[in-house]
Structure formats: structure tokens, C-alpha cells
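A short worksheet on the structure shown next.
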Amino acid sequence: MHEFPRPRQADTFATLFGKAFRNRSFLIGFAVTAIILAMAVVSFFWTPYDVTDLPVTNRLKPPSLTHWMGTDHFGRDIFSMIMVGSRNSIAVAFIAITIAAGIGVPLGCWAAARRGWIDEALMRFNDVVFAFPALLSAVMITAIFGPGAINAIIAIGLFNIPVFARVARAGALAIWPREYILAARSAGKNAFRITIEHILPNIGNILVVQGTIQFALGIIAEAGLSYVGLGEQPPMPSWGRMLFDAQTRMIVAPHLAIFPGLAIVATVLGLNLLGDGLRDVLDPKLRRER
Amino acid sequence: MAAYLLKRLGIGALTLICASVVVFAVLEIIPGDPARLMLGMNATEDAVQALRQQMGLDNPLPTRYFAWMTGFVTGDFGHSYTYSVPVTELVAERIVVSLPLAIFALLLTVLIAIPVGIFAASRQGRFSDTAVMTTAQIGVAVPNFWFALILVYIFAVWLRLFPAGGFPGWSAGLWPGLKALILPAISLAALQAAVLARVARSALIEELNEDYIRTARAKGLPQRHVLWRHAMRNAMIPVLTIMGLQFAYLLAGTIIIENVFYLPGLGRLVFQAITQRDLIVVESVVLLLVASVIAVNMLVDVTYALVDPRLRHR
Amino acid sequence: MKTVNSIIAASVLVLATGTSVLAARSDLVMGIVLEPPHLDPTASAAAAIDEVVYANIFEGLTRIGSDGSVQPGLAESWTVSEDGKTYVFKLRSGAKFHDGSALDAGDVKFSLDRARAEGSTNAQTPLFAQIDTVEAGAGTVTVTLKQPQGSFLYNMGWGDAVIVAPESADNNKTNPVGTGPFKFGSWAKGSSIKIVKNPDYWGEPAMLEKAEFRVIPDAAAAVPALLSGDVHAFAQMPAGDALAQIEADPRFDVVIGATEGETILSTNNKKPPFDNLKVRQAIAHALNREVIIQGNGSGYGTPIGSHFSPANEAYVDLIGTYPYDPEKAKALLAEAGFADGIKATIKLPPPSYARDGGQVVAAQLRQVGIELEIIPVEWAQWLEQVFKAKDYDLTIVSHTEPNDIGIYARKDYYFQYDNAAFDTIIAELDVTSDPAKRKDLFAKAQKILADDAVNGFMFQLPKIGVWDAKIEGLWHDSPVQANDLTKVKWTD
């Protein structure tokens, strides 16, 4: 058994900040994520071309000075579509992960606080959800409700609930036996208060790190769903859909496939690096061996 | 141990039953009449009604659920609405694509990931380690269907070395069959290999920091010997766990890749069956996939418990 | 010198045998986009079934030729009574089913009675609705109609009206037994269907020994399969934008033919505001057919102005009825009281002519103030919501049934179109068999539909045939959905 130290005095914001900006993963991840976010925000006000207009006669043009990434089969500007597509990717993944964390974390904490059959039931629920191939279930969900961004959120969110429940439960279980929790208990605080006041602040770090990683996975999942036609629907562009449209035109216009793919890779890579960096900064104990 | 096994089996069975109820219920509320879909626009209402009756769609829900479940347990998965052949036959036809593909991809994953993981661990902190792990970091960020598109473009369209899709069937010979699976297997393996390489590396590094390794080194055993004989054996436990999960994923989660390459595998079968409202096929195949995931997870858990008895009481 | 000569002689010999092998080539691999659900054409509307079995495995009393004409099939000739109600078919002698049993009048009676029986699962029961009785004679079959029907002989040529044997009918879905020049071979589900030559065919035997239909659903796989020689022919090539490359390749023939697929912006004629003629006219003026065709996924298509195939001899060019004119469209909308625009939905089924074409249509309608929400649907949902429940504003569908202008007279049809004058013409057509009169009636029918702007008439779906330049005998047009391989051969 390890000795459980009293909780560290939380780092001040300034020290964290300083640490973060000496961490390479964090820096790169932060920069890439910031650029993608900025692109998404700017797309609300300005894109080089209107993506709702379909100048079909200008179709399948290779990259040039007027169209940096070329045009698609409807003559739309690929760069503009990637800008607009980024907000869909980010929104779907972010909302889905937030909802999943919002449901999963309380479930996990509850199970850790009560143990017994509640804990057992949660584990079984996790088993059932994990046993379903995720994409297959997404296909069934969209078969009922029809395809669209909302249903992509439901599908991705559902499969992330057990992830957060598990992480929160494991984190909480490690903290419950600690002395200061026992002290709080003998002071008459109930499980709910202890969870709010002591457990959550202590597992916050691992949850943020896990959240960042799930966010990255959510981006890939959203792209996959859109690729098979179940995500955001035309006329709004989405990265996965752009890749689907590119597939049949690979022979004549490979640029259609290259840029949306790079956008996905950049976003996911940025978030993963950010997650790694955050882990190093927030929780040195979890620091990976280097 | 027997008690643990029994408990684990019980949990598996319970999960499967829950899953079967979920699958059945979900398919009941999916809109769309399979009979109307089969007969198309010009069919009269009478013809559609007649077909519904023929397909047994008019029986009450519980009757149909129990009929399905008893059939499933005894190995009779029912008849496909659209293909009018036993579902078992369809599954048998598809599994000879999906299973080899999953095995092939897993093999590639292991062949890439383990040496890479060992290499990186043994050069921990050096430039080559950083380079390899950066590549793995990028590998984790690449969606497999995009990687597949790029592979198709390079190897099928440009170099014309491999077919861009489709499956000639094993009757066409071993090589043509394998050839059709190479690109799909690579696209599936790339991401999995990146994940596994990272796991293998950190597991190894953890072991290398253990006391017994330090002792072995102190005794003057060569690095290679220490790495392979001692560290590797213990690091295999987390690696095998991940591999088990990956195999379950590869067997069931290949829908997208099967779609990219038009492989007639299980994932594609379910995908098509859902759009065609071939409910009986969807139900049985999904449950079969779920069962295989549960079985693999159970196997992993049991192996784990065998290796580390402490885990039995968790 | 001698050795050189013998080497040359040997290589000439090799070359000679080589060519003779090539000349004798008798196999064909044909790519099909959709896999048939099963192989019984009398029990499903799926065109993919006919694409494999029609004229190859199964035959009807009559057959539809490559030009759309009615030709003798299993009936070598027929006579029609004065009142147009009684048809006497004389059957081919020597026609046999693939299981060896001879075709007799009883089989014909069985097939027709089965298709029109109560509880029949035939997808085209209206084809048989006018049949009153079927009597089997010695080598002849007498069909009596309830009233004269101009299209009866044509109807008997549909895939849904093929002749089957009572002994094998129930197994035709998995093991089709017909009378055609090819026999069913094997089916690897999800990848290919093989058929082999029927040596006991009653007519001129097929020139191919065997043929394979390989399922290749998309351009991404179809184009490399063709270029590498894995597949020799596509009757309907999903080439998309890569077609230009194939056309430039001398190894292949690219034949753009006509189909019976009128691709239309189907409109719910009973649902406001689309019940307003001015609104429908505005939509017609807002559609730029040339641009829609460019963006429809294949880039090909023949503009149409009504619900009729340009390949049909009774076709009338009505494209100019409401020419592309967005200003006029806006003015018409304003007149109809929608100066501020209209909000509506468009439900798009899976084919690219709908999903891609629909986006272009939505962009064009937006230009005149009609804001469309795009709702993608699967076929199952389309049939349920649009076709059956008529719960839709607009949708895009290609109506591939041949000669189907009569659907506009059906009260329960999903367009919800109702025009007594049109109905009278269709009723008259039903009882008219004189070609000149029929042509005249068809022209009138087309004109009414165009004037009423019932639907947005866009283009005729092209048949993009691509095959090895050495192959001969494949159909150029597609009057029915079929890949008749009877006369296909390799030339050299």
C-alpha cells in the first residue's frame, strides 16, 4: 500500500502557467488547437468564398492562387469548406464529450461512494455499452432518428459515458480511503458533500486530461460518422463528408481527399499533444516515462 | 478459481441478455416496413400485407423475441428477409472475409508494434526513441478511412499493385484473396500499431525500472538478454490485454474499412441489412458480434486472473 | 540461321495459338452496381434482379428488345380478337426449363395465375389486373381480358411476367430455373453471381460459355477494376468524374445511351403552397437543367420537359415550356403571394442523382427565394414517408419503369396530382391499340403534365455503358432494366 499524501496545496495559476509554457507537448498542442479554434470562430464572420453557393461550372479545380485548396465537385472552395467544417467537428465532439462527462462523472462518483449493487449495476451497464461495436450502434441510432449532427452527438456521447464513469470511479475509489476523508466523515458530512468538497477537486485533473483525449477521439468518430453519411448533412460541409465525396474522385482530383484529411489529423494531433502536456503539467505523478 | 470463472460466465451471460433486449427493442422502433421495401413503389397494399404475413411480421412482440432467442441459442438464426437464405449461411459467407481480415490486421499490428516498442524502450530518451514515438503520436491521429483512401490512391490507382476494392472470394485462390485484404489490413493496422507500440514501450520501461531488472543488470547480464528474457515476459500482460481488445475491435469495428474497400464482410452485411430493414439479419449478426466481444473480454479477464490471482477478488 | 528460323516459326505458332485462344474467348465479367436481394423477378421490384436474370435465365411470353419494341419470346406468335379482348399465344415447341422439363401451356397458366392471385407478392400486380381468364390449350394459351388493353403485349414482356415452372417456382429466389439461354451457376453473396450457357436452349444458343456479374458499387472501385481488366463491361458505369479518362482510352468503348429513368423533382401537388400552379411554374423556371446535369454525379443526362423518355418514338420536346428564368420565377412567386419566399423541405433518397443533384436544385431554388431544408432518407424511409404517407414537400426520384406516364392518373400516387382531362386520356390509351392514335394521345398527355408543371422535370437518367472495345452485342440503351447477354461476343 502506498502512503497517500495530504492533497498538495494547489499550484497557483502563475506557476501552472509557467510550467505549461516550458512543456513542449503542451505548447505545440495549444498552438495547433488555438489555430483550429480560431479558424472555426472566424468562419462565422468570414470565409474566402460562400460555401452555400454552388458554382457548378467551376468544379474540380486544382489548388491555385484563387482557390488555395482547389474546388470540389460543386465548384465550392475547399479551404472555405474546411473552415466551416471545423466548427461542426469541434461542436459535435465537444458537446458530446461534455454531455458524456456530465452523466458519466456523477455516475462514477456515486458508484464509488455507495459501492454495493449500485457499483455492480454501473459496471454491468458499462459492459453492455462496451460490448456494442460503437459505429454499428451509431448506425442503428441514426436509422431511428435519421442522420444529422444531433444524432452524431447522441451516438458519440453515449459511448463516452462509461469511459468517464470508469475514470471517475477509479479516481474516487483511490481517494475514499484517505485519512482526511475519514476525518470529514466523522465530522458528519454525508457522501454527497464529501464528493463535492473533496473527491471532485482531487479527480479534476485526471478528468480534464481524459476529457481532452476523448475530445480528440470524438473528432475522429464524428469524421467517421459523416464519412458513412450519418453526421452533419449537406449543404453544411463536414470533414468526413468531404472525404466521402472525394473517394469516388480520387483519380481525377486527389486534392479533394488530402486537405480534409490533414485538417482532421492536425486537430486530433493538437488535442492529443495538449492532453499529454496537460497531464504532465497538472499531475506530475502521471507523467509518462521519458 | 472455479467460483471466479462461474461468476465471470454469469456476468457474460447477463450482459448478452441485456444486449439482446436492447437490439430487439431498437430494431422494433426503427421506422420502415421491410415488406414494402422489398416490393417497391408499384406493389399494391394487398401484396405487401401478404408478404408481411409470410415473413411472420404480424406475430406479437414477445412471441417473436422468444422465437428469435431460442433460435439463436440453438444456432438457428432464422431466414434473411431479403436474401431468403438462412442467416447462418450468410454469416458463414461473410465471416471468411472478416475473420481473416481481423487476424491479418492483428498480425500486422503485432509485427509492427512490438519491435517498435522494444526498440523505442531500449533507446529511451534518445533521438530515435523520440522520432519513433512522434510517428506513433501522429499515427494515433490519422483516421483509418482516410489512410485507406491514401493507400488506394498510391497502390491501386497510381501503382496498380493491388485492387482498389472488392473481394474475389477464396475460390479464386489464396493469393488473389490475400491481395484484396492487404490494403484494408494495413489501414486497420496502422492506428492499432501506433496504440500498441506506445503501450508496449511504456510497459517495458516500467519493467526496466523494477528492482529485479536492476539486479539482473548489476549481475552483468547483457542488455539484450535482460530485455527479452526478463522485462518482455512481464510487460506482455498489459500488451496482451490491449491486443485482446484490439481483436474484438477489429472483428466488429471494421464497418468503415469494409465500406471503403467494398469487402463483403460482417460489418458491411449489417450495414446493408439495416438500410434494407432485413431485421432478422441485423438482430442476429449484431448479437453475434456483441457475443464475440464479450467472449474476448472474458478470455482476457480470465487469463489475467490466472496470471495475477489478486485480481480475482476485485 | 536454321535455329533463328525455327525460333521464328515457333513464336509464330505461339502467336497463332495465342490469337486463336483470344478469338475463342467466351467468358465475360460484367460489373453491376447493386447486388440483387434474390433472383426471383416475380417477387420483388428490385431492378438488380432483372439486370441479372432478364432474358438470360428467365423469359416471358413476349420480350422487350434493345430498341424498346415488343418481340416474340416464349410465344412465337399470337392473334388478337376483333374486340381486342382475347389473345391466343402459340408457344415455342422445344422450349425447356433448365431442370429438363418441357415448357407447356400449363406452366404459362400457372405463372400468370400465380402473379395475379389473391395474396400474390408480385411487385407489379397492376400489370395483370386486366386479365380475366387464362386457358391452357395444346401448345397454345388463351388470355381473355376484362377490357381491351393497349399495353398488354408490352406488359407481358416485363421481368415480373416471366414464365416459371410450378415445380421450381418456390425456389427461384436462390436457385432460379427458367427457360433462357443461360443457366444459373453460383452466387457468392456480396461479391458475384455466375451463369453458364444452356446447351439445350430452344433458340439460337448464346455465344458466351459463361458470364459473371460482379458487384462493384462505386466509382472508386469500378474504375480501377475496369482499367486492370478484372471487369470487362459495365452496362451502367458508376464512373463519375473519371469517365473522361476512360473515354480517352482506346481500349474501351463508352456508349451514352438512354434509359427509361425520368429524373424529376417530385412535388406534393396537394400540399400548400405547391398546390398553387404559379408556385410550381416558378420552380420550373428556377431550374437550370444544364447545371443540374453537370452536378448530378455523372455529368450526363438528357434534359426533359415532361414525364416521357426522349428515346420513345411518341416523345414530344417540351423543354421550352418553362425556360430557365430566375427573374420570371421570382415574379411568379410574388404573384402567388410569396414575395418573401417559401420555406420547405426536400427529401433525398441515396442515389447520387438525388443526393448530389438535390444540392444543386436547393441552391438554384434558393436564388429565387425558396429555402429548402435537405433531409436525406434511406429507401425504406422514402417508401414509408414519401411514397406511402405522402408526407413530403419535394423529393428527387428517377422513375425507371418503362412507359409509366399512367402513374399521373393514379389517385393514390404520391404526386397527389388530380386532373380529369389527363385521366380521360390515359383511360383512352388503355383501350387503344392503334399506334398512330396512341402516339397522339401520348403527346397530349405529355403536354398536360408539362403545362401543369406537376413536377420539376429535369433529365433522363443516362445509361453510361463502358466495355472492352472488343466486345459486341451489349445493349446501348436501356428500355427495360436488363443485361441481355444472348448476342454478346468477343471479336478479334
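A, B and C label the chains in the order they appear, each numbered from 1.
In the analysis below, a residue touches a chain if its C-beta (ideal position, glycine included) is under 8 Å from a C-beta of that chain, and two chains touch if they have at least 3 such contacts.
In this text the structure is predicted, and so the values were computed from the model without any measurement.
**Student:** Could you work out which chain's C-alpha centre is the most distant one from the centre of chain A?
**Tutor:** That would be chain C.
**Student:** So which chain ends up in the middle if you average the CA atoms?
**Tutor:** Located nearest the centre of all protein C-alpha atoms is chain B.
**Student:** So, what's the distance in Å between the C-alpha centres of chain C and chain A?
**Tutor:** Those two chain centres are 47 Å apart.
**Student:** Using mean CA coordinates as chain centres, what's the chain B-chain C distance in Å?
**Tutor:** 39
**Student:** Chain A to chain B: how many Å between their CA centres?
**Tutor:** 23
**Student:** Can you list the residues of chain C that touch 2 or more other chains?
**Tutor:** In chain C, residues 218, 220, 223, 378, 381 touch at least two other chains, as defined above.
**Student:** Can you tell me which residues of chain B touch two or more of the remaining chains?
**Tutor:** 31-32, 152, 157, 260, 275
**Student:** Mind pulling the chain A residues that touch 2 or more other chains?
**Tutor:** 143, 247, 250-251 - these are the residues of chain A that touch more than one other chain.
**Student:** Inside the complex, what are the residues of chain A that reach chain C?
**Tutor:** So the residues of chain A touching chain C come out as 52-54, 56-57, 59-60, 73-74, 143, 146-147, 229, 233-235, 247-253.
**Student:** Under the definition above, what is the set of chain C residues touching chain B in their complex?
**Tutor:** Against chain B, the touching part of chain C is residues 37-38, 43-46, 118-126, 173-174, 188-192, 214-218, 220-221, 223-225, 227-228, 230, 350, 378-381, 383-385, 387-388, 401.
**Student:** Taking the touch rule as given, give the residues of chain B at its contact with chain A in the complex, in rising order.
**Tutor:** Those in contact with chain A are residues 11, 14-16, 18-19, 22, 26-27, 29-32, 124-125, 137-138, 140-143, 145-146, 149-150, 152-153, 157, 202, 205-206, 209, 249, 252-253, 255-256, 259-260, 267, 270-271, 274-275, 282, 286, 289-290, 293-294, 297.
**Student:** Residue numbers of chain C touching chain A in their complex, please.
**Tutor:** 218-220, 223, 238, 240-242, 244-245, 291, 294-295, 355-356, 359-360, 362-363, 366, 374-378, 381
**Student:** Any idea which chain A residues touch chain B in the complex?
**Tutor:** Per the touch definition, chain A meets chain B at residues 124, 127-128, 130-136, 139-140, 143-144, 216, 220, 223-224, 227-228, 243, 246-247, 250-251, 254, 257, 260-261, 264-266, 268-269, 272-273, 288-290.
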